[in-house]
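Naming follows writing order (A, B, C, D and E), and every chain is counted from residue 1.
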Amino acid sequence: MENVMTAIRVVPLDHYLILSFLLFSIGMVGALVRRNIIIVIMCLELMLNSVNLLLVAFSAYHSDPGGQIMVFFIMLVAAAEVTVGLAILVLLKRNTDSVDMNQLNRLKW
Amino acid sequence: MLYLFYFFAAISVIAALVVVSAKSPINSVIALVVCFLSIAAHYILLNAQFLAMVHVIVYTGAIMVLMLFVIMLLNMNTVVEVRKPVVTRILAVVTGGLFFLVLLAATRSGLSTPVPADFDPGIGLVKRIGMSLFQEFLVPFELSSVLFLSAMAGAMMLAKKDGTANVNLPPSSEPNDSRA
Amino acid sequence: MSALILISVLGVLVLYLGLFDKKSWLAPVSILGLLGAMALFISGYHIDHELLGGMVEFSAFSIGFNIGMAIITALIFFFGSDYYARQEHHVAEQYALMLFSLVGGFILTSYTSMLMLFIGIEILSIPLYILAGGKKQSLRSNEASFKYFLLGSFSTAFLLMGITLLYGLTGSFHLEALAAHMASTGTGDMVQNFGLFFVVTGLAFKVGAVPFHFWVPDVYQGAPTLVTIFMSTVVKMAGFAAFFRFIDITGMPDALARIMVLLTLATLLVGNVIALKQTHFKRLMAYSSVAHSGFLLLALLTDHGHAAGHGDAIGHTLHYYTFTYSLATTGLFILFTIAKRANNGAEHNNIFQGLFAAKPWLALCALAMFLSLAGIPLTAGFIAKYQVFLLAIGAGWLKVTLLGVLMALLGIYYYIMVVREVFVTPEEPVRFEVSPLNWVVVSVCAVGVLVLGVWPGLV
Amino acid sequence: MVKTDLLALLVPALPLLGAIIIGFGRRRLKGNTAGMLGTAMVALGFVASLLLFLGHDGETHIVHLFSWIHVGAMDIPFAFQIDALSLWMMLIVTGIGTLIHLYSIGYMHDDPRVATFFAQLNLFSFSMLLLVMGANFLVTFIGWEGVGLCSYLLIGFWYTTPEFNYAGRKAFVMNRIGDIGMVLAMALMFYQFGTLTYVDVMKQGGMMATGNPLIVTATLLLFLGATGKSAQLPLLTWLPDAMAGPTPVSALIHAATMVTAGIFLVVRSSVLFQLAPYTQDIILWVGVATALFGATVGLFQNDIKKVLAYSTVSQLGYMFAALGVGAYSAGMFHVTTHAFFKALLFLGAGSVIHALGGEQDIRKMGGLKGVTKTTYMTFLIATLAIAGIPPLSGFFSKDGILASTFAESPLAYGVLVFAAMLTAFYMFRLLFLTFFGTYRGKAHPHESPKVMTVPLMVLAVLSAIGGALNIPHIFGGHDWLKEFLGTAADGIGMEHLELSANTEWMLMALSTTLVVLTIWYTWTLFGKKTTLDGDTADMPFLKRLIAKRWMLDELYASLFEKPYGWISKHFFSIGETKVAVPLTVGTGKAALGLGEWLRKVQTGNTSFYLFGMMAGVVILLIITYFGG
Amino acid sequence: MELLALILIPLLAGAVLLFARPEKAARGIALVSTLLSLALVLWLWYTWTGTAVTGISHDWVPAWGMRFVLGYGGIGLLMLILTGVLFPFIIGTGYKQPVGDPSLVNAMLLFTQAALFGVFLAQNAFLFYIFFELSLVPIFFLLMFWGGEHKRAITVRFFLYTLLGGLALLFSIAYVTLQTPAPHSADFAALAALHLPMSTQVWLFWTMFLAFAIKMPIFPFHSWQPETYTMAPTQGTMVLSAVMGKMGLYGIIVFLFAIVPEGAQHWSSVVIGLSLFGALYAGVIAFRQNDLKRMIAYSSMSHLGLMCAALFTWNTYGISGTLYQMLAHGVLMICLFYIVGAVSQRTGSTDFSSMGGLKTRMPRFALLFMFVTANAIALPLTQSFVGEWLIYNGLWQWDNWTAFAGVVLIVLGAIYMLYAYQRVMLGPDREIAVTDADDEEHFFLVPLIAITLVLGVFPNVILHLVDGPVQQLLNSFTSLP
């Protein structure tokens, strides 16, 4: 317990910020470079998790449980979103036999 | 202690990069699991044991399994993804890079929350979280049930095969704005 | 709060009704429930805000918006009994999802914590992702659903990033804490600006502001018309209510104002200009929705310079604007469905041809509603726009207002192009079949728009 | 006074009544009724004028009818001014008018639209009377424009011929160009004096210093108006074209009355002109130039009416020259005598044309003196009168002008005398070619009916003895007309004639001798002529130029008419269809094009949307970062 | 109450026509309605005492200064007379020259009339604006349904162009309303009491002027006008040219002169320059037009340019002349467009090439046309002359050379009008079977010509009406700081 507590004293908050931003950016780039829908959804999860990490860090630094509860809710929502997203994916796959985002361009202009 | 942070941070970042760049979706999923586990480790470092547990259960246990399940179900592990053009990828990286740089630059000057002297190590414990959740955050907690209900109902509605679902409908058979 | 519970339970009830195949009961039960909710809103004006952990606050502002959304939803349900008449599967789910989504809307009008903002947006959105794909066999519907889901999820990520940054500053999700923090720091540091910016991004996505508008036309076009109505009305009202609550509490520091101006300008320009060349009615309405978001953003913009939490006039304007816009949009989409059926499913603007010859009253209703959207006097749309201009001029945004005025002119153009079609008599007469219920709903919308235009004090 | 008011009202009212009755009842008036009625109305007007004239006591009467335009400080009454000048003009207008109406009964006998003709003629009389009777500039302007309209209508009376319509429009438009000056002059005078009533304007104007720029401007503008109406250089080309109308119209409007309106106006405002020596010089030289121009062009014209038209131009030039030297009474005297003999000439020409069944080319006439005796005799008298042979009226009036001019400017005198010789030349050429020699045409000439010849004879008498009105002192007369008019227009009193009797005698002798010599020379050229070559190609340059009227019409056509048409066309085809409309339509098109272009941004590709969204976030983020 | 009736009579009659669709009786009902309005207007005139009247004053949305205030002064009364007198004729045109379903056409016309009465009665800027824009809607349908070639595109263009001005006006109204002391008021009285700083007036002038300049239209804003006039059905053109164009001039007096007097003075040279240039430009262009209707459209633009120029001369004669000329021009336009309609009905086209030589077969009609032409070229003893004479005086008092440019118009007017008359009526008989003016046409044109002549001889009847208000207006200018 003691060594864990020192993490907060040793690791500056900035480090968490940077790590979180880095993960967020990687998720963003991933969403932009990939065409496979499921990987894009994974990138989304990555971004959400980076936010979670930051929240927990803030929470710890503020000594406020609110941030952790927010993380809890984000997890709930992420789960719900993934459920819906995968349901849509299944529907799409069934109807178009493809998980390529670029195949979906009937609606335009 | 700091090195522990750097260690897990490095794992998270490398795993995230693998997620983004792996050719096979299966590899991506596995990398993501690794990434999530490293993040769980960060949670423990930050004294959020309850969250770390929930995180592992929800993400690694539920979400990622669901994804793997879908990948298997839809036979995607064999699908070879067509890569996007180089220009697009460069632009994407530039966008992401700029995003990161701006945020980084902003935080150089920014957040300077000092380490609180009266740091409370107990905030991450189940008891404290529970108290908070069922008192202060009761309303959102209750409402999240609506969220789940709708997600559940919706997912079932979408993914369920109706008797007459027509598969692979050619675009031309749809009503079109032919009078344009 | 009791209304919130009522609607949630109503959703469950509707799901059960679906389970027992009572399709014809769905709309009446839902509407009754909505009426009940409205009654509860009106009567339960005072609710102990502390009891709810300070998460939501039902003020006059939020109750006004909630009742507005409930009315529009009820109108949509009236239309729904006809719209879903030919559909066999999952009708109950769609009603239930819409009710759930409405719950999200209620939360958005009354949140006091950013956590509730997040939950509200998700409760509002997730049912909509599904509803957009409601026509499961239609590839367009699937595509709309997917696009909405994907883009929406990413915008949520940005919103969360914003909330997190602001949390990092204040150590609390409460808006009051944020306001207090902002009051104490003055101009604020960069993290604060970024936090505000990301939250605004998430909200701007919901209301379809440029450059976060890409989903709007595609989703409006692909989604089932009924869902499109819901998206363009209730979601817009909820989105702007949420937007306003957030902006109002921040008092809009300069950094935020700068971003808001850019969003407003871009939204006004892009929405109106692209709409000029739209011949597909639903896409036209989508761009018109973007364009109206531009005007609403212009109203929001005027919160700049007020002390935090003193934008009552702006809140009222937003309420009036979104509600009357929703009325007109609802009526027009119903007419669109009628015309679409008369033209074998075509969705081009010219399906309205012959409406005047066949159904003069409906054509006049269409005229009233189009003119309202265009902002011609004696319709509510005009009063709404005028209010926005008054606010904007009063706040000193003269040049932005001038652009808005110019864009209002473009708006008139594309609405007039459709109005023109309504009054064209085609060579072969078109048969428009209108159910009495639809007739009533359209008339209510049109008359409502006119009455509110003449007596704006009613809202 | 009441009697004066009533009579003064009757004078213009009668012709107006005639015009209304004939105009609206033109379908029901059969045969000569319209002509009779029209003539009667003008004749009654003449009687009324005569009564007024006889009852005139030398005072100026203002007959105030009602307030016409009253706004702010402007109160312009509808009023008539009865004084010597207006009375004299009324007599001329109604008197000559009656004769010409009478003549027209015969002349227009066969025309199906004879009633319309008389209605318009009566309307003209009404307008002309308003012009001369008006008590202020604006009432005069009513008549001024009214005669313009009637002139337009009557020139284009035979409306099926496009050239005639063109001539009518030309007349009206040229008059209107003059009217610019008239309107501006009135605006100026109102601004300056706060009134437009002649009496008040003259009273206030008379108190101003000589050469006051205001007065000069006003008089110049008024003169511009006069130039248009009286066909002076440069606004004269309409008058010869105006001969397209029926001949009585030419006689009444384009010779005897309307064209003298300019002279009337100048005389009316003589007080002002007296104070503007600069304007007077301009008037003198414009008059002289016009006199010379008309006389030269008259030399080689072959259309009988055109010759007379240019002669009119030339004579009007004389009158203006007189006004330019301040000899207002001389000018008015010439107006009077000119009205007699020019009306006579035109009517005579009309009689000839009538006799030849519409032929107007003098090359196809000749030897008519045997057939149309009355016409010939009267025409001869008129020709002698216009040439200035004593003791016919023209001699006195023209001599008055020459003498006054000599006093002011010998050079102008010289030119005018030369013009007088030319006058004699072209008039006698006309006379000889028409009535002498042998007949060269194909029609069967016959003498006109009595209703036409009687007016000729009356006019012939007047032309012969009209000089008696103003016999100068050296002949033992006492300038009756000058004294009479002097009671009306203050300017006339200011005339000065510093010539000794000897000089006057000498001048008279000189001009008369020259004219007689010219007549003799003309006789040798044309007296016995049986054939005439009309080809102008082999003439010498100057002669050809003159025969082509100094190319003035062509000059105007290429200088104004064509460019105007070109401008009109291209203002439209470039200014409107290429700039104004495309600019607005183009703005709309540009917006639509932008819409079409922006629309393409919506590619339907989700990745692209994501990219757009995130790029938007990044850009706005950067703006936030650097902006704050 | 009678003021409200003035708006309600045509509105109700129009509604009856729109919903009951009495095909046969439609014109009769419309005519009766307009005659009733006319009677009411004449009664107002008869009881006019020379002081401004406020009929109805009712709060609407007090928060934004919106009040329902109806009233009129001398100038407003003149405009009411104009509208009241001309509309029976516009309705009457339909008897001889029907354009479409009589109930609908007349309903639209009556709605327009109601809106126009509203415009001229409104004493609140916001109310004014509402009527100002509302008047466009029925016109829009009139043109849309029953216009000529390219009606759809041209109508939309017209509509948008006019609305552009309208929206600029709306912007200005919002702006000035907010400048009034709280609680804000958009009443003309309150707005006129404002003393806006010069720097504001300088730009506010243009945002307001734009609306009126487009409505009239004044030179660079005119491009909608010729094609719209040419395309519109006769009755539509009459409404547009005879009455709606005057809304612009009226608006200038009510808005610009009252609210931004210094701005108006500051820009008067520019406006006069533009207007006069436009007047000359249109006058020149009219000459070579090949379409009678288009030619008249340009002539109308020419006249309106002159009027607008005179309005900005800031003196009694310019303003009274313009006011008088508004009436004259209204009557003139009705006559001219009626004649165009009548002629083109016979020859099948408004193009000059299909006309010419008609006088032989329709002498009575030619006479009527001649009277109208005389009015068009402002011969004395016609209405137009009085107006133009005052206008030229106004211009002269403002600046001599400006007056000169203005007076050139009398030449240009004569050139194109007489040329047009010649091309329609004169020349050799074309041997087309046309009939002469019948009783109905006489019944229509003769009263108008009578008005022209009577008001040409006794203009004081109208001039007395505006004399006082104009003096007041001018006094308020001179009392400016």
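As a working rule, a residue touches a chain if its C-beta (ideal position, glycine included) is under 8 Å from a C-beta of that chain, and two chains touch if they have at least 3 such contacts.
Quick caveat: nothing in here was measured; it's all calculated off a predicted structure.
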If a chain touches chain A and chain E alike, it appears here | C, D
Chain pair, most C-beta pairs within the contact cut-off | A-B
Euclidean distance of C-alpha centroids - chain B vs chain D, Å | 100
Chain C to chain E, mean C-alpha position gap in Å, rounds to 43
Counting in whole Å, what is the centre-to-centre distance of chain C and chain D, each centre being its mean C-alpha position?
-> 78
Go ahead and note the Å separation of the Cα centroids belonging to chain A and chain B.
-> 3
By residue number and range, which residues of chain E touch two or more other chains?
-> 160
Touching two or more other chains - residue numbers and ranges from chain B | 84, 88, 91-92, 95-96, 99, 103, 106-107, 111, 113, 136-137, 140, 144, 147, 151, 154-156, 158, 165, 169, 171
Which positions in chain C touch two or more other chains at once?
-> 115, 119, 122, 126, 129-130, 133, 136-137, 139-140, 145-147, 150, 154, 168, 190, 193-194, 217-218, 413
Pairwise touch list, complete, is A-B, A-C, A-D, B-C, B-D, C-D, C-E, D-E
Sort out for me which residues of chain E touch chain C in the complex.
-> 61, 64, 129-131, 133-134, 137, 140-141, 144-145, 152, 156, 159-160, 163-164, 167-168, 170-171, 174-175, 177-178
Within their complex, state which residues of chain C touch chain E.
-> 371, 376-378, 382-383, 386-387, 389-390, 393-394, 398, 401-402, 405-406, 408-409, 412-413, 416-417, 420, 423, 456-457
Chain C - residues contacting chain A, complex = 115, 118-119, 122, 126, 129-130, 133, 136-137, 139-140, 142-147, 149-150, 153-154, 156-157, 160-161, 163-164, 167-168, 171-173, 217-219, 221-222, 283
Which part of chain D faces chain B closely enough to touch in the complex?
-> 607, 611, 614-615, 617-618, 621-622, 625
Given the complex, residues on chain D that touch chain E span 23, 66-74, 78, 138, 141-142, 144-146, 149, 152-153, 156, 159-162, 165-166, 168-169, 172-173, 176-177, 179-180, 183-184, 187-188, 190-191, 564-565, 567-569, 571-572, 575-576, 580-581, 583-585, 588
